[in-house]
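Sending over a structure as structure tokens; questions will come in a sec.
A, B, C, D, E and F label the chains in the order they appear, each numbered from 1.
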Amino acid sequence: MRPSGRTASQIRPISFTRQFTAHAEGSVLVEFGNTKVLCTASVEEGVPRFMKGQGKGWITAEYGMLPRSTHTRNDREAARGKQAGRTMEIQRLIGRALRAAVDLKLLGENTITFDCDVIQADGGTRTAAITGACVALCDALNFMRAKGMIKTNPLKYMVAAVSVGIYKGEPVADLEYVEDSAAETDMNVVMTETGKLIEIQGTAEAEPFSFEEMQAMLALAKDAIREIVDEQKRVLA
Amino acid sequence: MRPSGRTASQIRPISFTRQFTAHAEGSVLVEFGNTKVLCTASVEEGVPRFMKGQGKGWITAEYGMLPRSTHTRNDREAARGKQAGRTMEIQRLIGRALRAAVDLKLLGENTITFDCDVIQADGGTRTAAITGACVALCDALNFMRAKGMIKTNPLKYMVAAVSVGIYKGEPVADLEYVEDSAAETDMNVVMTETGKLIEIQGTAEAEPFSFEEMQAMLALAKDAIREIVDEQKRVLA
Amino acid sequence: MRPSGRTASQIRPISFTRQFTAHAEGSVLVEFGNTKVLCTASVEEGVPRFMKGQGKGWITAEYGMLPRSTHTRNDREAARGKQAGRTMEIQRLIGRALRAAVDLKLLGENTITFDCDVIQADGGTRTAAITGACVALCDALNFMRAKGMIKTNPLKYMVAAVSVGIYKGEPVADLEYVEDSAAETDMNVVMTETGKLIEIQGTAEAEPFSFEEMQAMLALAKDAIREIVDEQKRVLA
Amino acid sequence: MRPSGRTASQIRPISFTRQFTAHAEGSVLVEFGNTKVLCTASVEEGVPRFMKGQGKGWITAEYGMLPRSTHTRNDREAARGKQAGRTMEIQRLIGRALRAAVDLKLLGENTITFDCDVIQADGGTRTAAITGACVALCDALNFMRAKGMIKTNPLKYMVAAVSVGIYKGEPVADLEYVEDSAAETDMNVVMTETGKLIEIQGTAEAEPFSFEEMQAMLALAKDAIREIVDEQKRVLA
Amino acid sequence: MRPSGRTASQIRPISFTRQFTAHAEGSVLVEFGNTKVLCTASVEEGVPRFMKGQGKGWITAEYGMLPRSTHTRNDREAARGKQAGRTMEIQRLIGRALRAAVDLKLLGENTITFDCDVIQADGGTRTAAITGACVALCDALNFMRAKGMIKTNPLKYMVAAVSVGIYKGEPVADLEYVEDSAAETDMNVVMTETGKLIEIQGTAEAEPFSFEEMQAMLALAKDAIREIVDEQKRVLA
Amino acid sequence: MRPSGRTASQIRPISFTRQFTAHAEGSVLVEFGNTKVLCTASVEEGVPRFMKGQGKGWITAEYGMLPRSTHTRNDREAARGKQAGRTMEIQRLIGRALRAAVDLKLLGENTITFDCDVIQADGGTRTAAITGACVALCDALNFMRAKGMIKTNPLKYMVAAVSVGIYKGEPVADLEYVEDSAAETDMNVVMTETGKLIEIQGTAEAEPFSFEEMQAMLALAKDAIREIVDEQKRVLA
């Protein structure tokens, strides 16, 4: 029934390429099927002004799509002179998810900036970004420990994300673009490796959804994220 | 236990003042306790370019906070020359919620623009905005019918919203500012009068939350929204 | 002869609602007939960089119109990404008028920022804003004295403003929108309670005006402002 | 008593260099003493969208200061990415003054755009700009008649402007920079050659001013403008 | 003597990966050693307004660096709200180079937009971008012929580019970052496969350079570009 | 054969008017035929943040065209809210050229900012700007020596620039607008008085150019610049 022939709960093949680029302290190309996002983590000493003197670190994220990562070309945001509302919404979400994964006190007065740039889009770019950035985060924290910038690992738990939705009346996991654009409901779920929720954002695109549908989607998300976290850990091992 | 002495499920006194200002086709001052938002609906013939020729209408929303609606003054976004990410996120949410309430085909090629301006903020401004805007929407649709712009009422169902959260370990409904800023989890829920979900956005501010906590919050939201819809209907009667 | 039936020198009913909102140190809703402007005064310690070390305070003002305060909706300036020339002109005028009312030395190195937001427009929004802001200024100065931020009251004199103009060949006071948009000449006058001029801005919209017409308009302004100052004092008593 | 040794009513030497640059339909370098402003008039067929189909023409103006036209260098507005409030205020004033000079119906659906760029500033740049632009306007109208774009001269009357003020307690005409920056009151007056007022903008910089002082300033302005119009006519003869 | 041990005329290993991403009509990852640039060509029917009705096509280019493509993170231009001067300079150069390669008449009223995004930077990103974009251009033109958008191949000649410079007093070809940042002179050369010049931009970073040095650099560029064009042709074969 | 009747190597009459405006430390109106550019040098103590503490000075440049310096009016960049790519490209070029002329160590921690504003354009504005700015630089350095800001003259050599090109198949020097817009190739050359190259930027506008054509253009540039430097020295003597 799904365009790809996948079962309702089946996620796309996922992969993480660590050290995809040379300069960043963490650099991961994450792929969920044809969705490809480059996630880099940049470590800098110090924190932004509003955080100074609290003895805590800061984590922030920026998101962008290459203009032709999509089926038809989108305007370059740098050329238009401003980021779209969707972009800001997504990068705020990524930042919150990663801050939730880290004990900012243990991070010390250091900043990690994530850049999640979509090389190729086929649905689920924001959840792929969170998932890939968490792997880059681990690499960046290793770098910091090796440099003596931190003593204790500030990671509280791995964080991963997936999109779920109602497609042709059925709850499905990890929607690709053709499903996403036809879905009745679209929900992004961010969870910890311990199975708890960090963020949930569900939107009725066409028809409102019932509590039962939401439960079904959440169950799919939980299973998918367990699988995704396993893969994160495998690649980091 | 709550700063206001309210019970966990108790929402603040809410009120709607219709025709709060004179020029708009719908103009409602909505109050949730000390949170006060002016919601106006502006009706215009025609639709934006990307919608032309589809025989459908369009609904969009903008949101702003008066600089001193808050405890300390915020920069005026018009003076800074751009809207904050939070603002864009909220106005996109309001727009989606109201579009979900309306059959855009029955609206014809007309546009309704909502302006939700926070006069005084005490938590829950975005959910108050959606709730008040839905009342302004009804007034605007009445105006359109009186003018002959539409024949059939395109409203599918009333829409209302409320924030729920985990405060000091307990699920509570309709958080005010002091609760909101200390909450472990914050969730905004938009529902139809028929008890279905239009949008759900939950964020772990400090600690991740469990599926059980989410269920408890949703149950609170459902009851609160039923109460709020009753009040919307009462004031429109 | 005037659309409202007023005599040439008759101003609209005016009212001031103090403490209209809860957070600002001064918060006044001023109404000139159907023109309603919310004027808040925000007190902060310190002064902008260009004023530092002079032992003097600073007063500044910002002005905005809610998008649907007018007959047809205006673009939101925050969304367009810049303030219109008219907005900048008006907020500069408000700032100058209020600075003229205060001995900045006695204010100490503190800043008062006024936000004048038009809730409903029916002509004369800038003069209403100045007039209402002066009442909010008094409340803010009282707050500062109560907090020990200042010792002596730095207010030199109450300041108020009114628009006058030539409408259908006759000088009239306090033009409402229908008059304003048809007026041959439009003049805004800011005066002290002592009957002296702080600012005068007269513009021939259609035909140039004579010195005699200007005298007549000024005489109307003087009387109107005397009345307005009385009302300011009454509400502050 | 004046720094320049001028009497209170004495204006600076003024001059107009027509055809100062080659491309514009009108191009005038106007000098009021050391204040030098290049005023060009650019004629284009057609009118902006909001004027279309009314059978009327349009006149607009832009103003700028070269970054080092002043004693210390000012930021280039193009580099900062926005025009200052002062700039917008001034260019709106120039536009209104020139529109007042012309019968827009007789102009036909054509647009004249004035660019007033300050080459060297020594006080009174906005009044010099209006005065010089009016000469450029005459040249542009001659061009239009020669090209057959208009049949009847749409000029209603010459327009000129001057600044007056209270300096060391005395009313003086045509303030140069050192006077302007020390003046108690500063007033810009725009008049027709027939001695009527088009615009008056008076501001108390330090102390409020009396009605008598205003009369004295206006009398100075009237005499000065008569002199200036004579010079405009001489150079156009 | 060169940090990489290369000889003066030796260029880095270069490679082109065609169809690097799925959606664009041409998509090439070009690598000059560690410099990696993704070049996509997007084909659209129609031309920008200023080109309409001339029966000619249009080619334009945009350039960007991912924030962490460099040793230390650069601000994201989309977030800063404007493109740097360097970015604009480079994308104008790329656009000119590709327009020179194509007979715009034979292209018909179609537009090809190139996006050159630097994934990893190690010197020579602009010359790599031109070189890779020319391969993407060939793929895009093939697409257009297959779709019947064009009949004749509008490519006039392959275009390629290389940087040359004076490093420690010696002319060298294809500078990598460590050389580039220490070079006395830096020159970018764009040539056709026929050995003619399309663009030459040479800059003395430290000391001015002689005509003889320029000849030596040009000779290096000519040889390098011959080699690069061979590789372009090989990968397109 | 050239529209002006000039020989291929003949440059236009050039002139420099020093102290063209009163306030700047260097102020030169440079004319190449009908191209007129006002170049001012503004001296300030201190350097931008990124240069602090290095014991070196800084030189930067900005460029602008008055809106009606050209045949048809161009938008004012300040009003559009951003500088065009061409503008940025040119001002970066001017800055580099002038920095190359000066020993920044001998300049001390001082900044010279050049403003090159085109009063009238007839081709070659950027090369005229560099040439005129170098004269203004000498005046500014004299000012600095007189004020005791520097002890040794930091000027390494005079710098001048000229455009050369291929027009109707022939290499020509110092193209005016009608030639420039029809030229097959356009090249800007910046040289020192000692005959060495600082910058060379050649662009094939229509057809690629050969190495021989480039040599011919360079030879013309060299002769022209020798003549121009003579004139710079004459006017500074």
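We adopt the following convention: a residue touches a chain if its C-beta (ideal position, glycine included) is under 8 Å from a C-beta of that chain, and two chains touch if they have at least 3 such contacts.
Given the structure is predicted, the values throughout are model-derived calculations rather than measurements.
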Intersection of contact partners for chain C and chain F: D
Set of chains adjacent to chain C and to chain E: none
Separation of mean Cα positions, chain C and chain A [Å, integer]: 50
Chain A and chain E: spacing of chain centres that average the CA atoms, whole Å: 33
Centre distance in Å when chain E and chain F are each reduced to the mean of their C-alpha atoms: 28
Touching two or more other chains - residue numbers and ranges from chain C: 81-82
Circular arrangement of chains, read from chain E onward through chain F: E, F, D, C, B, A
Touching residues (chain side chain D, partner chain F) in the complex: 21-24, 27, 34, 36, 38, 40, 42, 44, 62, 64, 66-73, 76-79, 81-83, 87, 113, 115, 117, 119-121
Complex contacts: residues of chain C adjacent to chain D: 82, 85-86, 88-89, 91-92, 96, 100, 157, 187, 191-192, 194, 196-204, 208-211, 214, 218, 222
